[in-house]
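Per-chain residue numbering starts at 1, and chain names A, B and C are given in the order in which the chains are listed.
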Amino acid sequence: MLTERRLNVLVLALLLAVPLWAWVSNEPFTITLATRAVIFAIAGVGLNLALGTGGLVSLGHAAFFGIGGYAMGILASHAQSYTALTDWPFLIEGTKSMPVIWLVAIVASALAALAIGALSVRTSGVYFIMITLAFGQMFYYFMISWPAYGGEDGLSIYVRNSFPGLNTLDPIQFFGLTFVLLLLVLALVTRLRSSAFGLALGAARQNENRLRAVGIAPYRLYLLAFTISGAITGLSGALFADLNRFVSPTMFSWHTSGEIIVFIILGGVGRLMGPVIGAALYVMLEHLLGGVSDYWQIYFGAILLGVVLFARGGLIGLLVGREVAHD
Amino acid sequence: MTFVLLAEQVLNGLQFGVMLFLMAAGLTLIFGVMGLINLAHGSLYMVGAFAAAATAAATGSFLLALAASLAAAAAAGALMELMVIRRLYARDHLDQVLATFALILIFSEGTRWLFGSFPLYLDIPDALSGPISLPFGIDYPRYRLAIIGIGLVVAFAMYLLITRTRIGIQIRAGEEDREMIAALGVDISKLYTIVFALGAALAGFAGALIGAIQSVQVGMGEPVLILAFVVIVIGGIGSVKGALVGSILVGLTDTLGRALLPVAFATFMEPSAATSLGASLASMAIYILMAAVLILRPRGLYGAA
Amino acid sequence: MTDAPVLELQGLSKRFGAVVASNDVSLDLKPGEIHALIGPNGAGKSTLIAQIAGSLASDAGRVMLEGRDVTALRASARAKAGLGRTFQISSLAMEYTVLQNAVLGAVGQAGRAFSLWRSVMKARSFLNAADAALESVGLAEFRNLRTDELSHGQRRQLEVAIALTMQPHAFLMDEPMAGLGMEGTRTMTGFLDELRHRAPILLVEHDMNAVFQLADRISVLVYGEIIATGTPDEIRADPAVRSAYLGESTV
């Protein structure tokens, strides 16, 4: 019998097996595709904490994806040109060390999420969607018009950043790194979901009056969820930049925000592994349909429309059925 | 920055604002009456622009082009409503966002498939081309002034529609209590289709008007859509008056910001830094405005409390 | 036991434009009592409840909980301060199990909503509090059912159970009998009779049989004003009440 838990394990196993097979068969492009899926999955898992569990429909998570990406882009570009970012108030040099970059990406996105969340989370419904969209666009337009880091053309980082003990240019090693990060993020989110915080957050989505009646004010709950969610998506942005060795303002665009939501819906909203399955499906569809036609987005749009209208629970919903009350 | 230049920028801001109003008015009605968030509204703007460009190329008549834009956008809107949007009224916002996002993909790529990737051009009609002399020595493009005029006429027409007609009463009642007006025998389905098609027609009309100033290309509606959202957040959902005030505010803030900020910075910074910093801040100006309004009035200037 | 009121409304007033929904409403709730609030439809009961619970701000007046002025506190803060509320239309986390809903109450009571690490459904203290509450209302055997699978009457019971986990100093109950059949009403009536000893109950109800059976005191709300407060016998005999309200029903 296919339970959600078994499906989760199966998905992770496949996600590991496919690139390993590709490595053995010397198909580096497939490894790259798998890495892309894993990175998108991290972005989606981040968003899903706010959206699936908390019911916060953020159409602006690309803001954090982009901040993470540009954290990497800015630090690495200064390192590769041997110039410091600034020498006031103290010397800040660039770096090409992944752990440092990830830390900066996470902190920067968290701060941005805290600021955006503080303004947005007090609104609800349609207002919240539009406000998050607008803030995402604010970053997009700012980055296009700020010439220092490439503007509209973006920024290339010639050599992939380094991680102690690994050759990050080797596709399978970089994949392994991102896969471990995905597992860590999943572990974190699982913990959060089964904590008192997760219980309260889910209750806030279902019935805010109920939450208030037990003495919990939703605002701070939402704000914390949004902040953590933004930080995780920010990490994925830094990884994405490293995968492509390129950052551009498109990382901030609302299409990107929409895509992250699409990962979640394809897999199943509110399910732990929904974004993982969805990201993998998306990368596969992108690759397969893109080979068939130049106008593949029409087919993709039709598929998405079909899923939303008729297969609301995503792939997990189709395979596993209605959500069992989880502990 | 002379007075004349400033006046021109103010007029540009008004023109921009008026065009935003055409987008925002339809959107805010759709939100208010049907409770639906529609990301594909920008696609209807694009449909109107393409219909106008194609008609103008075929017939050489700008008037026919405008008529075509209204008809095509209204038809596309009605079709969209009947086939997809209808199923979304009862759904939550997430579903609406995703489904209309899917529609954007379909419309954009579909348009690219029909018309190709290169932009089309729509010419300003001869009667409206060239500058017109205004008081205080201002020379302003005739066409842009016409857009301001048309926009104000449409705003007035919307006011009459909402306050003086039966449809208007149904719309206002529908915003208050959807179930009630159904119980009172109003044909909800028809009302919704009409409201949607009306919003679509306005968007398509805006697309056609602007198509003559900028080029007509796939995806042209998206930046406008987002600005329309900002307008609605500022003005308040469901309020056409809010849409008008919000549009003018956004139009002026954006245009004057872009014109004045680099100049202001140039007074104490060296020119290239001033230009880039000014341009960057100007691009953020309307979002800062939106954030400020939200802090003071979380439901917008004229939104329901 | 002192006779100082646990919950006190002092001159609550609220108007919406030209409509006066609440006009200088004052009443109190003493320890161990059930104080029923009745009134015809449109009397302003919902508005009043919202003001007591804190989800609607009054134009004037004060709400005192155990001698403490809670008027400035919003709804969640009042719940934490000891005001246990049940809703007229069941307000529950429908996707959660019965146990999860009850544990939610325990979490709120303990102020541990920001505990991020420990698995909440394995926490002994919360489970004990939740189970005890479910036991009191007779829902213990259903603890693992999804809330949307409960019957209407069971959902009412769950509402009360969650209120119990909050260890309230006073209950504010909005039509707990609504929609219950004869059997359910009888059970609920017996239950509330016991409950009063845990914490006094301000009971808003339409079911007159239940009201006259349970209430120690009754206040009558008509057009936003309290026209009478007294024992059931006093209310039954009060001419103003009779003409305004009790004329149709048989008591």
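By our rule, contacts are C-beta pairs under 8 Å (C-beta built on N, C-alpha and C of every residue); 3 or more make two chains touch, one makes a residue touch a chain.
All values derive from a computational prediction rather than experimental measurement.
S.K.: Measuring from CA centroids, which chain ends up nearest the centre of the complete protein set?
M.R.: Centroid comparison flags A as closest.
S.K.: Taking mean CA positions as centres, which chain lies farthest from subunit C?
M.R.: The most remote chain is B.
S.K.: Can you work out the whole-Å distance between the CA centroids of subunit B and subunit C?
M.R.: So the centroids are 49 Å from each other.
S.K.: Could you grab the centroid distance between subunit A and subunit C? Build each centroid from C-alpha atoms only and quote it in angstrom.
M.R.: Those two chain centres are 44 Å apart.
S.K.: Determine the centre-to-centre distance between subunit A and subunit B, using the mean Cα coordinates as centres, and give it in whole Å.
M.R.: 31
S.K.: For the complex, which residues does subunit C have touching subunit A?
M.R.: 53, 55, 74-77, 79-80, 85, 87, 91-97, 100-101, 103-105, 107-109, 111-123, 126, 144, 146, 162-163, 165-166
S.K.: What part of subunit A is in contact with subunit B in the complex they form?
M.R.: These residues of subunit A touch subunit B: 51, 57, 59, 119-120, 122-123, 125-127, 129-131, 133-135, 137-138, 141-142, 144-148, 254, 258, 261-262, 265, 269, 295-298, 300-302, 304-305, 308-309, 312.
S.K.: Quick check: in the complex, which residue numbers of subunit A touch subunit C?
M.R.: 191-192, 194-200, 202-203, 206-207, 209-217, 220-221, 224, 323, 325, 327
S.K.: Per the contact definition, I'd like the list of subunit B residues that touch subunit A in the complex.
M.R.: These residues of subunit B touch subunit A: 31, 35, 37, 84, 87, 93-95, 97-99, 101-106, 108-110, 112-113, 222, 226, 229-230, 232-233, 237, 276, 279-280, 282-284, 287, 290-291, 294-295, 298-300.
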